[in-house]
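Next, two complexes with subunit A in common: one pairs it with subunit B, the other with subunit C.
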Partner chain A sequence: MASYRTKALAVATAAALAATLAACGGGSSNANSNTKGGGTLTYYVRSAYEHTDPQRSYLGVEMTNFSRTVYRGLVAFPISSDPTVATTPVPDLATTTGTSTNNAKTWSYTIKNGVKWQDGKAITCEDFKYGASRVFATDVITGGPNYILTYLDIPTDAKTGLPAYDGPYKKDGQALFDKAITCSGNTITYHFKKPWPDFPEAIAALHMMDPYRADKDQGDKSNYQIFSDGPYELQGGTWSKETGGTFVRNPNYSASTDSPNVRKALPNEIIFKVGQTSEQITDQLVADAGPNKGAVTQQSIPSSKFSQVLGPVASRTVSVTSPYVDYLVLNFNRLKNLKVRQAIAMSTDDTAWVAAGGGPKAYKPATDIVSPLVKGYQANLFPGGSGNPAQAKTLLQSAGVKMPYPLTYTYPSTPTADAQARVLQSAWQAAGFKVTLQGVANSDVYYTNIQQPNQAADLIWAGWGADWPSAITVTAPLFDSRPNLTSKSNGQDYGAYKSDPFNALVDKAQNSSSLTDQTTFLQQADQLLAKDVAYIPLDIPIFYMIHGSEVLNYTNNAASNGYPDLGPIDVASSVK
Partner chain B sequence: MFAYVVRRCFTGVIMLVVMSFVTYFLFFASPLDPGKFACGKSCPPALIKQTDKALGFDKPWPVQWKDFAVGVVKGRDYPEDPALRKSAPQLISHCSAPCLGYSQVNLINVTSELKDKIPISASLALVAFLMWIAGGISLGAIAALTKGSIVDRGVVGISLVFYALPTFWMGLFLIEFPAIKWGLVAVPSYTSIADGGVWGWLSNLFLPALTLALFYMAGYVRITRAFVLESMSEDYLRTAKAKGLAPRKILVKHTMRAALTPIVTLAGLDFAGLLGGAIITEQVFNFNGLGKLAVDSIQTFDLPTTLGLVLLLAAFVIVANIIVDILYAVIDPRVRVG
Partner chain C sequence: MSFPESQLEVAEPIDPQITATGLVAGQSPTRLAYNRFRRDRLSMISFWIVVFYFAAGIVSPILVKVGVSKPYGQDQKLLNIDLGGIPSGSWGGTSWHHLLGVEPRVGTDFLSRLSYGITFSLTIAICATVVAVVIGVVLGIISGFSGGYVDAVIGRFIDMTLSFPQTLMLLALSTTGVALFAKILPGEATDPIPNGVYEVLVLGLFGWPSIARLIRGQVLSIREREFIDAARLSGASRGRIYFKEILPNLWAPVLVQFTLIMPAYVSAEAALAFLGVGIPPPTPTLGNILGDSVNFSGSDFSYFLYPALLLAIIVVSFNLLGDGLRDALDPKGDR
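Entry: the complex of A and B
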């Protein structure tokens, strides 16, 4: 993942982007059940969106915003402050959340009657099929989630290692695709080569299976064109990467085909303003003047502005647990001695790490790489806390290594990250390590460095968020050596962790037809990682957000990845 | 003169070719993989390889450079894959000559991308340039004419303060206080003349241009003051004064004309540099000009955009140099180009 920190480090980055699913408690303020809708909501966005094409979008915040406004899927996550409810799919364009057969290898959905595109044409089964087909055009539709390539029942081309179907443009292997996804009237059926018990969660979180109109598809040229099937449409039809866009009512949207639990669509207009810094956005929302009274943002309040958030301003803020987890990876090419790894974990001062990062307004301690309330989370997998350097020193001495034991810790450098690195260094040195800090200023270079098989760092900072609320999108992509480790790159298995028992548990999880079994295997796999000290969880970042005084029904919840949920938000009459 | 300009232009083109070659070389000497950037999260090696192929990064870099050079002369069609263009003609986007490549990050051909940004950076540079030239030269001349007085010391002292303040500080100050806190002006957002009229264009440029102008103006005050004082001590001016020439005429016709020559050189190069984008000011004010694009393209490993910017900026500097040389001859008849 290039996490939120990657985005924070770079003004803009095209590095791997994390779609994340919120595993978080919700926050809300200005609850008002008497809202009537209308008016203009302003939404401040700091960094430019790389894609608005549904099959190419992969940032949690983008997918969330577009889910509530312009892109509808077969299913959706509902508006709820209860994280469990908010991450349980409900029907959207489909009549149900899907019917699975053949041990969750086959999923069928029937599309609702009366659902339309913004030009009034009906949304058909073929539109869904075409949307899914675009993901296979890996030479055109780049950057998006590609899970379907490994799940859909299409043979792999031995020469390229990719599916034998190459998308709707070249159409090689089209018959294979037509067999794997079939349409019968308004019913679409997906045939997978392995069980996908959490398929509804996956397609509620990601837009990869959303419908797409073939006659609107121009490949790259469609990247910033938004053709809506939701309650709003984009004025002018083309999103501006640098300034955003204005969403206005879609006249062909019918609320009767939708649920108020998913979209209330209250403001008449939503203006996305892209490009200002976090500080500028915060200043405008603190000042709370004019249209900013009806404004929200996806940006957390930067720590430099905490002092301005006092009195009545504080009542317009919400703290929400983000869907990310930051963690340390231990490099198995260098740290081969288990006792050394255990001593590092034992002496890691997580409490000081959180404090150095800005305290409880910015972070809370993590005890698992899986975020709380993502299926598979285990609360006490790691002890966390201040660590025990004295005990760690005894353990290190018993490891039979020369002391002080040299360690290099690499991380993406920012003033805050530097301060956090120093407190870790201090605790590790008290346990008998000699620690060299290696901060890397450029986050893109950082992620390239840590993927090098011969990297010299012993400890590596990383961050991750689940793609949908299952540990299958956390531990498997991060520690399964098979898809990650090559002679040229460690992929996302930055520490080159290689364990046959772990991989076997991942296989069992991936072949489970029930979510319960899948979760059990993934928890066992996570316990194995903890036993091997493959990682050390550090923190869960907090989203500390502010909104204008005239914003009503404000909520950040698990369904919206912790960002403002545009489903219920309204603006008061004074800004209408 | 004509032969001189032709000769300089030819040299300029050679320089641009060499620069493009060096940029390609440096890009491919880097360990970063552009395919990995474009591919997205959780991309297995096979998919990264496929993405590299789709972007044309699988070819040897000299071949890519050759394709680029041909595109500059003849134009190009994207996507590069002929099979894809044949099977899906709706995907084709034509990039007319001079085609500077196609940005896979911004999904637009670089020529169009630069065309969109040039008006923003050029507007900012132009307004800032007029502000600092008008302010810097007039205040510098006043300081020189009132040498040793409170006015002189005040102007020089204040200009030193502005010179010492970094542009990011001044930009942040102007946006945080006059715009956000005091609400005297709206938070600037670039508006073209077509969209907002001359007033809309100018009023939105005021704060960012002032940020740049205050910094540059300070330097020009000091330089102008120094050159005017130097000119004023020349014998021919003493002669002019002795012959009873009006002080205003001495200043405008003789003193300033002599002092302007080195200032024109400096101003030409500064203006050309700014045309290439005021990186910090554009970042602070979120003006999506060439400077902001430069930062973004470097951070996102966007070779075609980076290359296009390098060539454009180089072209600005080369052209500015030629213009400055020609202006020299106009201002100072003793100078002859050729």
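Entry: the complex of A and C
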């Protein structure tokens, strides 16, 4: 769930950003240019993060925030208002952005000298190798990106489709893994079975290949532990799921091993506060008092507050189109009848959905699961619009099922999402369905719940953004059954979609040598998904965010997935 | 609001027939209480308000059935979508078709939703009150009449229940509890039913101790009365003494408790809806309507105002009614 964003930033922010890049080290600002930086940044988060383990976190916002503060990788995305620059990797812990040989099937990196963990020990090649090995423990390290399961040169079991290596805990097939990732001194080499030309983009966007210290690994118990190698470290070492955590300076971080284009690390402290609703967060930021002057949030302004952020407050808001697409997953374990799925798609009222969610300030309607910013986007894949319940009813009647056909729709419950669910429900009911809404109030377990193989909902809300600007990071990870479906989890294939023709097209795309061919195969694969009605695209969220008046260098850019970028950000020293 | 005794005694007769025959002294205690109650203007006002709420609660499902009231209807054309889906027009889009305006985001007629919300809120509150009162009365009678170790055990059980953090438990167990009821209730028990049953049971199961204590106190004095001795001597069974001899003497405090606990449950339902347990949307209850409308207090004030007023009025009226009933039924009772 990471990576790309489209629209140019608000002019003021972009200009401020340019100024900061020139005068690195802080002190420049968009509001009051004489203010000294180094204050306390408060970062509001609505719902708890399900993981903070680098190999398990897969939320775009989490990955960008932690990249800028505690988790460094081999390469990173630089701070830039230019979307192309912001999604072109630069060296981070490695000396270069990587050298590839063998038709992009082999990649090697040399790790910089003098890079250290928060306890002062040097970061070694073995740490990188260990981090990557954890991804293979699919029974313990769940939730994270799993690309390397299909890419790394390790044979797969013909029956389950899973690699013959099962991670550093059980260690079956360790020798195979040791051959696929090799260390020689400070140089790490990855061997893939398919060409992976955009591997640097992948590891800049995701934390799956981040180093991990074997002696700090407690398997599932490490889910909320943060062992830093970045400019900050987590106070206490364990993230609190319910309340968040405080990032303080890491004494063993050396800025000379890092680039100010990636991390400026200007605020003295970053306090993450988890648990308030978007409405409460917005109210506090509108009021702009005390520590909230130095506060930012990952939440968009809810539609109920739109009329309160006009006038002078509007100068503290930024609106950018996010790289995400929200969509409905159809559960193939339950909706086996194609005509039923088609009737659902036909009666989905996308126009009402967008309007109930806040209208054009909050969403753009979507007609493809691939964002328009990503190569491979197809504008007319789904009809969108307000649907046709009458025609859908005729179709449902011809499907030979009992009517009204019962459907359960599950989604993370917020006041806005409840209203959106109601408009979908009424359109579906008009088409002959009987719809039960199942709003999940406890949204921190939402994704974990919908990954359950025995998930009882028919329709599942989900949101996804390309991990890096390629459609191969959208349809393939979401619908390729082979790396996703295991006995314990459906991975990101929430609806348990399983199609051999689709998987074959993914293989073709992944093995293509030219990007044009790859895009063609991916578009065909996406058309197949549309034909099978594996998903229904709903909307492209717009990030409409507000920040405190003493926040300096505030920018939402492509490198930060449209969220506030913690790389250049600063807070006036008056905010403690 | 209590009347001085002197005033009661010289009060002018109400019933013209009685006046005519001069039989003022012949009124039954019930009649006396009724007269006292009728003369208390505040109680009468709250009584009629409560009657109005009940009428609304009973009538609105009928109106929904016949299609006059549409609590699930939608019309987004009435909204200003560019401003986040706030109703166009003043006072939440008030018009002849929508007397209290429409709901933001969706465009549902707000009057329909509020009146249907009253139905659900009152149903939950009444069911929970019945559960609490029944358990409280039965345990209170047993405890008060038996005395000895039975009394001691029930007394400690009451202490334990009172010290239990009920809101916390409601929150913590909601997912499992609701899932359990969804499984064990017959048929396709979905949407409001398992949540409602869970809410009613938890509210009721934690609400009885205060009633049990009060009833026990009453029973302690009743059990020393002669008619109880008479019943005992004539060989009446315990059950008979409990329910045929003692219970009829308790209806006044039970009625008062009922009217005092119910508003507490109406507001408890609202609080729980706020915390995300309780009946989930789209089923309207006063609680979840208010929970959503709070967010609009700055942008669509009337959407927030109406449910808040409705909730405040019903809670105050029920409390006043309870007070008035207590004054009427037990004028000498200390407070």
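As a working rule, the second predicted complex is superposed on the first by the 342 of 576 C-alpha atoms of A that agree within 3 Å, B and C clash if a C-alpha of one lies under 4 Å from a C-alpha of the other, contacts with A are read in each partner's own complex, and residues count from 1 in each chain.
Methods note: a contact is a pair of C-beta atoms (placed from the backbone, for glycine too) under 8 Å apart; a residue touches a chain by one contact, two chains touch by 3 or more.
Fair warning: this is a prediction, and the values are worked out from it, not measured in the lab.
When both complexes are overlaid on chain A, the residue A:Q284 reaches subunit B alone and has no touch with subunit C. When the two structures are aligned on the shared chain, A:A355 is found in touch with subunit C, with no touch to subunit B.
In the superposition on chain A, no contact is made by A:N337 with either subunit B or subunit C.
In the superposition on chain A, A:R422 makes contact with subunit C only, while subunit B stays out of contact range. Of the two partner chains placed around the shared chain by superposition, neither subunit B nor subunit C is touched by A:Q174. By the touch criterion defined above, A:N146 reaches subunit B but does not reach subunit C.
By the touch criterion defined above, A:L437 lies against subunit C but remains apart from subunit B after alignment on the C-alpha atoms of chain A. Once both structures are placed on chain A, subunit A residues 442 are touched by subunit B and, in the other complex, by subunit C. Against subunit A, in their complex, subunit C makes its touches with residues 72, 74, 76, 79, 81-86, 104-106, 175, 188, 190-191, 276-277, 280-282, 291-292, 294-296, 298-300. On the side of subunit B, the complex with subunit A involves touching residues 31-33, 36-47, 49-51, 53-54, 78-79, 81, 83-84, 87-88, 90-91, 93, 104-107, 175-176, 180-181, 183, 187, 189, 283-284, 286, 288, 292, 295-296, 299-302. On subunit A, the positions that touch subunit B within their shared complex are 1-2, 10-19, 50, 56, 58, 138-140, 142-146, 149, 160-162, 169-171, 217-221, 223-224, 241-243, 275-277, 280, 283-284, 287, 289, 442, 444-445, 448, 452, 477, 483, 486, 488-489, 491-492.
On the side of subunit A, the complex with subunit C involves touching residues 279, 302-308, 352, 355-362, 406, 408, 413, 415-416, 418-423, 425-426, 436-439, 441-442.
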